[in-house]
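Just below sit the structures, each encoded as structure tokens.
The following pair of complexes shares a single chain, chain A, combined with chain B in the former and chain C in the latter.
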Partner chain A sequence: MSNKYIITLYTLPALLLLLVLIYVPIALSGYYGLMDWTGIGQMQFIGLENYANLMKDEKFWASAGHSFLLGIFSVLSLLLYLAVSLVLVSKIKGSDFFRKIYLIPMLLSSVAIAQLWLKIFDPSNGMLNKLLEMFGVENTPVWLADPNTALYAIFVPIVWQYAGFYILIYYAALKNVPEEIIEAARIDGATPLQIALKIKLPMISAVFKVTIMLSLVGSLKYFDLIYVMTGGGPNGASEVMASYMYKEAFELNNFGYASAVGFGLLVICLGMTWLTSRLTKSNDDVQY
Partner chain B sequence: MSELATDRRTTPNLSAGEGSKKSYWSKLGYGFLYLILSAFAVIQIYPLIWLVFFSLKSNQEVFGMSPFSLPQDPQWGNYVKVWTQGNIGVYFFNSVWMTVLSVFLTVILASFVTFAITRMHWKLSGLVLGLFMVGYMIPLHSTLIPLFNFYNTIGLIDNPLSIILSQTTFNLPLTIMILLGFYKAFPREIEEAAVMDGCSVHRIFFQITLPMTIPVLSTTAIINMIYNWNEFVFVNTFISSDQWKTLTIGINNFVGQYLTDWGAIGATLVISIVPILLTFLFLSNKIVEGMAAGSVKG
Partner chain C sequence: MKKKAFSAVASLALVGGLVLGGCSSSSGTSEDSSGSGGDKTVVKMMHLWPEGSAKAQYTIVNDIIKNYEKEHPDVDIQTEILANEQYKEKIKVLSASNELPDLGITWAAGYMQPFVEGNMFAPLDDVLDGGLKEQFVPGTLEAFQTDSKTYGLPLELNIAPVYYNKEIFKKYNLEVPKTYDEFLKVVKTLKDNDVTPITVGNKDRWTGSMWYMYLADRIGGPETLNNAINRTGSFEDPALEKAADELKKLVDMDAFVKGYNGFSNDEAKGYFMNEQAAMYMMGTWELPNYTTSPDVAQDFKDKVGYFKFPAYEGGKGNIDSFVGGPGVGLFVSEASKVKDETKDFVSYLVQEWGKRSVTEAGVIPATKVDTANTELAQMYIDILNDLGNASNITLYADVQMSARVADVHLNQIQALYGGEISPKEFVKAQEEALAAEKK
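What follows is the complex of A and B.
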């Protein structure tokens, strides 16, 4: 048995799956985008028509705008998670317990989270509006049913879901800042706030940059939660790229056009990955 | 000196006061921090407690009473109703076996690849690794239509195999990333000694490498388990008959059918999240470790 044989034997199964179920499909998605196709029956080649339509499709760009807005919110909420992590790491008793409590929503399925928050946001009997009524608020908002609030309302369970995950990452990174450096700063008279902002934060900047990329690119792909909670509504107010694609394909049977949308999603995601990794590239070594 | 400075801060990171006695202000500062952390904990956990509450309430109670009230007369019947009326048992069973099979396939296939990449020298290893890494960046929604068409053509639509293959494949990149870190940090001496003794590569892999990587294998298995258990898009797209639906999809349809029966909806949701919560209760350290490992590698 030669080494070549063994290497092939060990890598081929996984590699085949990767190629057949990920790489070939993304190429095909670009190709189907050139077709007029209802999903069943013959495809008809129509050149770049779908892509041209995509470029001037206001609904698509509105949903892309929503995706980016969610991405910006997500990146901003990282600051909140970072602040909590800084508190957690400062010799707090029970920090382990807190971290685990925070992580629980991350373990639930998007469907369970979506269904639960549908109930929380329920205009007449949900927890949120009942709470507001207890404080004497009249005319409580209808949240998901109002085009002006739907997207913001959806962002709340997203923050809720991912908080524990990012806190976990930051906490682990902050824990790895060498104690000697902090000790040295303290001896030199640095205040705890200075230590946090001028020593701990710069030391985990590499990790912070990774999380910016994770949350930004992750946001561009949001689907499950939104699909279950609002289906992109009301009137497209919470439509995102993935839900728009899904609707065009599996509800309206515009498989050709939806493939073009899917390919657009791919290009935007990879482009953003590349862009954020360029913008956040740094020379400092990651310290773990 | 540093204590004094700390005391005036209100939004701060306190680590002062170790060693000698803490001042009144320092204690107050800590109290404030605990208040923030606890408030955050309540936000994270109360929605779930509220869910359990309303799963045990009747509609009158949900509509009429405060959301913070305990169930007056726990309606256990809600649970009996959803478990016996629908297909929850079937969905539950499907989730279990599909998850187990996908996790097993992902972990073993990823181990093969990682072993070949880290323990053998070959020209294309960098390329293969790169393909897996880039695979991690690709949004699965962009593959959905071609995958649907592909499974349709080969007759795997509405077949659990389509779910297992998809879940296995899409979890490979992350799993390989986590394994890679472990394999690289791992001493090769034992494996090299085995080569000297004339062990075949297969024996080395199965009898030495795999057993030695059990700690990281269990971490990746747990992470994969959570992802697969919660998976939504593949099952929603490729599976149409009740017989093959998983719990995630099953409850979504099921909940829709109850419309305004809050108790039944609550009970269904609780049933779907209890397995994950139990796993977390017993394996929280492993889960924390896996979540952290899966992310920072970016």
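What follows is the complex of A and C.
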């Protein structure tokens, strides 16, 4: 009996924090979405008008498209991270050293990463174009300044930024695969490739599913590098949902509409979370 | 279930951030210039020049306050100081709960509009009557006016000349261009010699807008653009389209630094400071870099000159018209309980500031400056003289426009520079945005 009170008591602080910091603001932003509000002065109730506008807002859907594109890229890059972890875990020389190297971007703040890559992408003095020029490329691309390349150019540092995080997760998961199973397979004559594909990967499939969801949702609400590196430009070519929301709220003083955008973003994220969990669902976690 | 909840929470964090951002009550450095108010009249003032990052401005304001309190022993002025962005945030929060300080800093036109509409700022026309109005440079107060009432007293004034590297010009035997044709020849010569003619950081967009505004001014005269924005004219005016066409020609000549649409203003400025580009147009807030700043090598400072944007043959504008505008100004809160005392102090502050800001902080005030008795770098004296002879100052287009139309304008600027749209589409999109707002 008293057990229940104690459980309540112990969970109460976390529950209150969650409520005050997360759920109440969500409800509030849904509510602000019903308002015409500049952020200053009086709110005016306008019903679902903001949400109706959101539905037919081409700029929002264009930025949603960019966010989804980023999501696809991030999920695909998970395969790359996984491949790297598989190599690292196979006790090659210096794997410890490499693991630490891959972790470094994770320790840098996004703004520092943005500044670093801004220098790399600089069309005249940047490292990348200097390198291209060395190989004899004329008319080197202008990367962030060209609407056709800006978005993809930013994907590169984003993929680079999160490499350490996912490699660390995969590495830890792969380390947890029991040595005996691998040993047994080896005695049965399995090649290293077979061990990797048929034993290690199935054993960490649960972890893989979680990372898919993390990277997808993380991409959909991604903001920092894009904001610092292009500000969503040129002319909206690299705008994503979160940067669009920020712009509406803090640059165009349109808090009501921005709240509606934020709420739309939330709905999309929830929808995608549900969808991925459905798609990756399998009843039997692999056990050997 | 657990992981679902986790990623849901992760996705919500951002949304929560938006709302919470509005509620944060950052407490700034509060400075009490005297122990307790006692029975003195307390005037609360907020400004955005912290001692650490803007020492000169901080000292001037502090001195003025001290002198005023000496002359008015019954008044106690308390200041609260926040850096730029925090200041903007806090003012927004305070205004939402109607707790603005008695006296504070505001920006012109578009920024100020919601405050004026919300009845937060007091009209200051009574302060201006009796001689103060005449002390301001013509065109500066207008930016703080709505319905012919003045809601702010500007402290700063900036115009945008074209800075150029004298050494590069000399190397290729170039003269300062007086007409636009001469200017194009300068660009072409530089280009032929593989020198970047102009650097512009058009990621920030307002930077590119200044070049367009000058072309519009020189071709159509100052009224054309202003009228298009205040709706007595049209943005599809042939002069405005021609200006866009001229800008497109500049772009096609490769006049601007490679990758301009991806550079912030600071990055683009680097090309000029490192002598990789010959010309750079920017507001006069850059002047310290070419005159007094200890962080810039004297060697480079000596190489920098400036010229007025050249005249366009057959155009209606003249060479003495400038693009520019007042920076920050002072507002008095409508809800203030000590409005009379505050207004008296505002008038004092603005005049004293005008006497000291340019010599001590390198900030050109919006009030007229007597250059005769001051020791100033030559470039300041030249600019101040040009200001004295200015036929017109056109306020930055994105400041004149409402935030939403300004965003359309700035995006169109970026698209025009990027060659994504034709001059015709450029003017059409802005006409539509302006017309839609008028409805």
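Here is the rule we use: the second predicted complex is superposed on the first by the 265 of 288 C-alpha atoms of A that agree within 3 Å, B and C clash if a C-alpha of one lies under 4 Å from a C-alpha of the other, contacts with A are read in each partner's own complex, and residues count from 1 in each chain.
As a working rule, contacts are C-beta pairs under 8 Å (C-beta built on N, C-alpha and C of every residue); 3 or more make two chains touch, one makes a residue touch a chain.
Nothing here was measured: the structure is a model prediction, and the numbers come from that model.
K.L.:
Check the residue A:260 against both partner chains and state whether it touches chain B (first), chain C (second), both, or neither.
P.N.:
neither
K.L.:
Touch test for A:87: chain B only (first), chain C only (second), both, or neither?
P.N.:
first
K.L.:
Looking at the overlay, does A:134 come into contact with chain B only (first), chain C only (second), both, or neither?
P.N.:
first
K.L.:
Return first, second, both or neither, reflecting whether A:100 touches chain B, chain C, both chains, or no partner chain.
P.N.:
After superposition on chain A, A:100 lies in contact with chain B alone.
K.L.:
Looking at the overlay, what does A:147 touch: chain B (first), chain C (second), both, or neither?
P.N.:
second
K.L.:
For A:249, is the partner it touches chain B (first), chain C (second), both, or none of the two (neither)?
P.N.:
both
K.L.:
Of the partners chain B and chain C, which touch A:212 in the superposed model: first, second, both, neither?
P.N.:
neither
K.L.:
Who does A:34 touch here: chain B (first), chain C (second), both, or neither?
P.N.:
Neither: A:34 stays clear of chain B and chain C.
K.L.:
In the overlaid three-chain picture, which partner chain does A:226 touch, first (chain B) or second (chain C), both, or neither?
P.N.:
After superposing on A, A:226 lies clear of both chain B and chain C.
K.L.:
Compare chain B and chain C by how many residues of chain A each one touches, and report the one with more.
P.N.:
If we count touched residues of chain A for both partners, the winner is B.
K.L.:
Of all the chain A residues, which ones make contact with chain B and with chain C?
P.N.:
Of chain A, residues 18, 21-23, 25-26, 28-29, 32, 39, 124-125, 210, 213-214, 217, 220-221, 223, 242, 245-246, 249, 255, 258-259, 262-263, 265-266, 269-270, 273 contact chain B in one complex and chain C in the other.
K.L.:
Using the touch rule from the top, collect the residues of chain A that touch chain C in their complex.
P.N.:
Within the complex, chain A contacts chain C at residues 18, 21-23, 25-26, 28-29, 32, 38-42, 118, 121-125, 142-147, 150, 210, 213-214, 217-218, 220-221, 223, 230-231, 233-236, 242, 245-247, 249, 251-255, 258-259, 262-263, 265-266, 269-270, 273-274, 277.
K.L.:
Within the complex, which stretch of chain C touches chain A?
P.N.:
3-4, 7-16, 18-20, 22, 92, 95-96, 114-115, 117-118, 120, 196, 202-205, 257-263, 267, 271, 276, 403-404, 407, 411-412, 414-415, 418, 420
K.L.:
Which of the residues in chain B come into contact with chain A in the complex?
P.N.:
These residues of chain B touch chain A: 1-2, 5-6, 9, 11-16, 18, 30, 33-34, 36-37, 40-41, 43-45, 47-48, 50-51, 54, 62-63, 66-67, 109-110, 112-113, 115-117, 120, 122, 128, 131-132, 135, 137-150, 165-166, 168-170, 172-173, 176, 200-202, 205, 226, 229-233, 237, 248-249, 251-252, 255, 262, 265-266, 269, 272-273, 276-277, 280, 284, 287-288, 291-292, 295-296, 298.
K.L.:
In the complex, go through chain A and note every residue touching chain B.
P.N.:
Residues 1, 3-4, 6-7, 10-11, 13-15, 17-26, 28-29, 32, 39, 83-84, 86-92, 98-112, 115-117, 119-120, 124-127, 130-131, 134, 160, 163-165, 168-169, 172-173, 182, 186, 189-193, 195-196, 200, 207, 210-211, 213-214, 217, 220-221, 223-224, 228, 241-242, 245-246, 249-250, 255, 258-259, 262-263, 265-266, 269-270, 273, 288.
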